[in-house]
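Naming follows writing order (A, B, C and D), and every chain is counted from residue 1.
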Amino acid sequence: MIPLSWYLMLGAGLFVIGMFTFLVRRNIIMMLISLELMLNAVNIMLIATSHYMQDMRGQILAFFVMAGAAAGVAIGLAILIAAFRNRESANMDEFDLLKG
Amino acid sequence: MELLVTIAKTVLYVAAVFGVTLLHVAYATYFERKVIGRMQGRIGPVEVGFRGLLQPFADMVKSLFKEDIIPAAADRTLFFLAPVIVVASVMTSLAVIPFFNNGAIANLNVGVLFIFAMASLAVYGIIVAGWSSNSKYSFFGSIRSAAQVISYEIAMGISLAGVFLMAGSVNLNDIVLAQREQPLGMFAVLQIVGFVVFVISAFAETNRTPFDLPEAETELVAGYLTEYSGFRYALFFLAEYISMYIMAALIALCYLGGWALPGFVTRALPFLEQVPGIIWFLIKVYAFMFFYFWVRATLPRYRFDQLMAIGWKILIPVSVVNIVITAFVKRWLM
Amino acid sequence: MLPEFFFGYFACAILGLAMLTVTRKNLVHSVLWMLLLFLHIACLYLFLNAEFLAVIQVIVYAGAILVLFLFLVMLLNLREEHEARRFVKAWQGRLAVCILLLTVIVISVYKAAVQPTGGYSITFINEMGHTKVLGTVLFNQYVLPFLMTALVLFVPMVAAIVLAMKERKR
Amino acid sequence: MPGSYIPSEYLPVFITLVLGTCFAVGALVLGELLRPRRPYAEKLSIYESGNIPVGEPRTRFDVRFYVIGMLFVVFDVEAVFLYPWAVAFGNIGLLGFWSMIFFLAIILVGYLYDWKKGALE
């Protein structure tokens, strides 16, 4: 018998790993990857809670999160392509000028 | 203890399924050469064994003993891993195919989706193979190949949604049982549009002619397989044939009635119920395998832009329209 | 005993693979470790009796999103960065914030427990099939969020073309 | 009971996965033991129709491959929403039915836009 809090702590650990990477890495692709890790951490928590409550709401929400993640990644990477044309780099520090 | 017995039984069953599948694959290559040979006015392999029946084993021994070259610039771990990913993912999807009533290794509730999931993993094998070889032809071939496979995966998924709609389930066993009372005992009649789309995508998914661009010798040497030789190449080849079987099995199960006989046939001729279902299943699978070879002997290859245009501009819209019409008909006319 | 063993394995594997994912220098390796991570998360969903979501995790995350990442990493052919330029300079403060956040979450969920209030028990889901249960709930009670998802998916179709294909006009 | 659920129907799948991987690795290792091994530099170099390899092997490729990948992600998610709808078709009301038609219509608009812009060429 596993208590729900174990799953929540696992999710928290994954979330913090993703968040730390997001904060310290400069590479945009790496930052997007860590964003995915955070979303997955939230999904684990949602599905676990939903399972323990015997309710479907959490799972539906996790489903929507996946769709949102897909859309977000597609746009994020498209922005990266557009930015890459101007700077030839995927380094976040290079994109500090607000002009095309 | 009970658990160990279950595991041992499953291991034996899985090993038997693998063994039989590999034997079928070996003879599928022989069958293919014979069929295409006859169609082109040749006789195919005759030298090894009676009428060339041992040819597949000769090929296997040859590729086992052939020197295998890993390019110096390759990423060795990934180079080793790529065929393993492809073969393992393809063989795992064998687990959900019911060869007869409840005859699947695992009767999953998400059966068909599991096969899709495994097929989407096989794309990694292709990309990793091309990238790790560190060669232009391999790399470009793998990207092309991956683009092709993912494009047709969508058409395939959406066209199968029509079948899910008719059957009300994604479990392969339930899909087969739902077809019994359909016209001719198969969904291929009412879902004819989805069926055609699925068949075309199946050719593209398994990289068969007329969509075998990844292996178009005239353009990109051997595509992502350029740097692979010896038994590694043989494993990719094996995976291609197993996935042909899986596609043929999916078509047989989802559109052609699988191992079941139509209701009106069993009512008219009850003794046919005694025939094991696996026989009907294999007849359908082999009919489709023959179709694969027939097409290969007949049709020329498409150009890459034509191939993408067929996938994106024809198959996807057609399959979406098909599912909308199916939904309307099912809602108000059935 | 068995559930604890499986949970322990998956927890260690998920955290370990996440570490591996974010520390690799070569982005292709990073993405491939993440593939393994997503497969483990999918297996974890199986233990939460969410088999449809497990399959979707593989199809959408592993099969689509990661392929897009891999395409982009190869498309841009990014160089491996210098060690010094991989991280921002003042990382100690950010680490402290992260550890603080972790502590806060762990303390707040440490004793978390919920009552099984809904009617979707394990037997009910297994009998009806997870896909069917989820579809029934989704399309009867969550129609509006679903329609908003359609808009969410519409945006990348337009935006990505506008952003990525800019060059072709010249 | 939540918290002690074990998906026992996936045990055979796991066994199949293990055996399949073992088969692939075993075949490669067997080949490794059996075959000859006489490498030299030319043999290990990359195949380029007999010429000496030139240029960067992992060159950048056309952005349209990325656009294809992006469209693939969107359509994949769309297909994934279709499955529960199709399976639960008998249980969903009129609103759920029309919502999916509306969903497909929105996706269709985006698809036509992409077609017009030449993303599918």
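The working rule: a contact is a pair of C-beta atoms (placed from the backbone, for glycine too) under 8 Å apart; a residue touches a chain by one contact, two chains touch by 3 or more.
The structure displayed is predicted, hence computed values, not measured ones.
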| item | value |
| --- | --- |
| Centre-most chain, if every chain is reduced to its averaged C-alpha atoms | D |
| Contact-richer chain pair (by C-beta pairs counted) among B-C and B-D | B-D |
| Distance between chain centroids, defined by C-alpha means - subunit B, subunit C (Å) | 29 |
| Distance between the centres, which are taken as Cα means, of subunit D and subunit B, whole angstrom | 15 |
| Subunit A and subunit D: spacing of chain centres that average the CA atoms, whole Å | 20 |
| Distance between the centres, which are taken as Cα means, of subunit B and subunit A, whole angstrom | 34 |
| Per-residue multi-chain contacts in subunit B, two or more chains | 108, 113-114, 131, 139, 143, 150, 153, 168-170 |
| Touching two or more other chains - residue numbers and ranges from subunit D | 1-5, 10, 58-59, 61, 63, 65-66, 69-74, 76-78, 80-81, 83, 86-87, 89, 97, 100, 111 |
| For subunit C, residues contacting two or more additional chains | 3, 48-49, 51-52, 56, 59-60, 63-65, 67-68, 71-72, 74-76, 116, 122, 129, 131-134, 138, 149, 153, 156, 160, 164, 167 |
| Pairwise chain contacts under the document criterion | A-C, A-D, B-C, B-D, C-D |
| Complex interface listing, subunit A residues touching subunit C | 1-10, 12-21, 23-27, 29-30, 32-34, 36-37, 40, 43-44, 47-57, 59-60, 62-64, 66-71, 73-75, 77-82, 84-85, 90-91 |
| Parts of subunit C lying in touch with subunit A, wherever the complex brings them together | 3-4, 7, 11, 14-15, 18-19, 21-22, 27, 30-31, 34, 37-38, 41, 44-45, 48-50, 53, 56-57, 60-61, 64-65, 68-69, 72-73, 75-76, 78, 81, 85-88, 91, 94-95, 97-99, 101-102, 105-106, 109-122, 133-134, 137-138, 142, 145, 149, 152-153, 155-156, 159-160, 163-164, 166-167 |
| Subunit C contact footprint on subunit B (complex, rising order) | 78, 108-110, 113-114, 116-117, 120-121, 123-124, 127-128, 131, 139, 143, 146, 150, 153, 168-171 |
| Of subunit C, residues touching subunit D in the complex | 2-3, 6, 46-49, 51-52, 56, 59-60, 63-65, 67-68, 71-72, 74-77, 116, 122, 129, 131-136, 138-140, 143, 146-147, 149-151, 153-154, 156-158, 160-161, 164-165, 167-168 |
| Contacting residues of subunit C [partner subunit B, same complex] | 28, 32, 35, 51-52, 55-56, 58-59, 62-64, 67, 70-71, 74, 126, 129-132 |
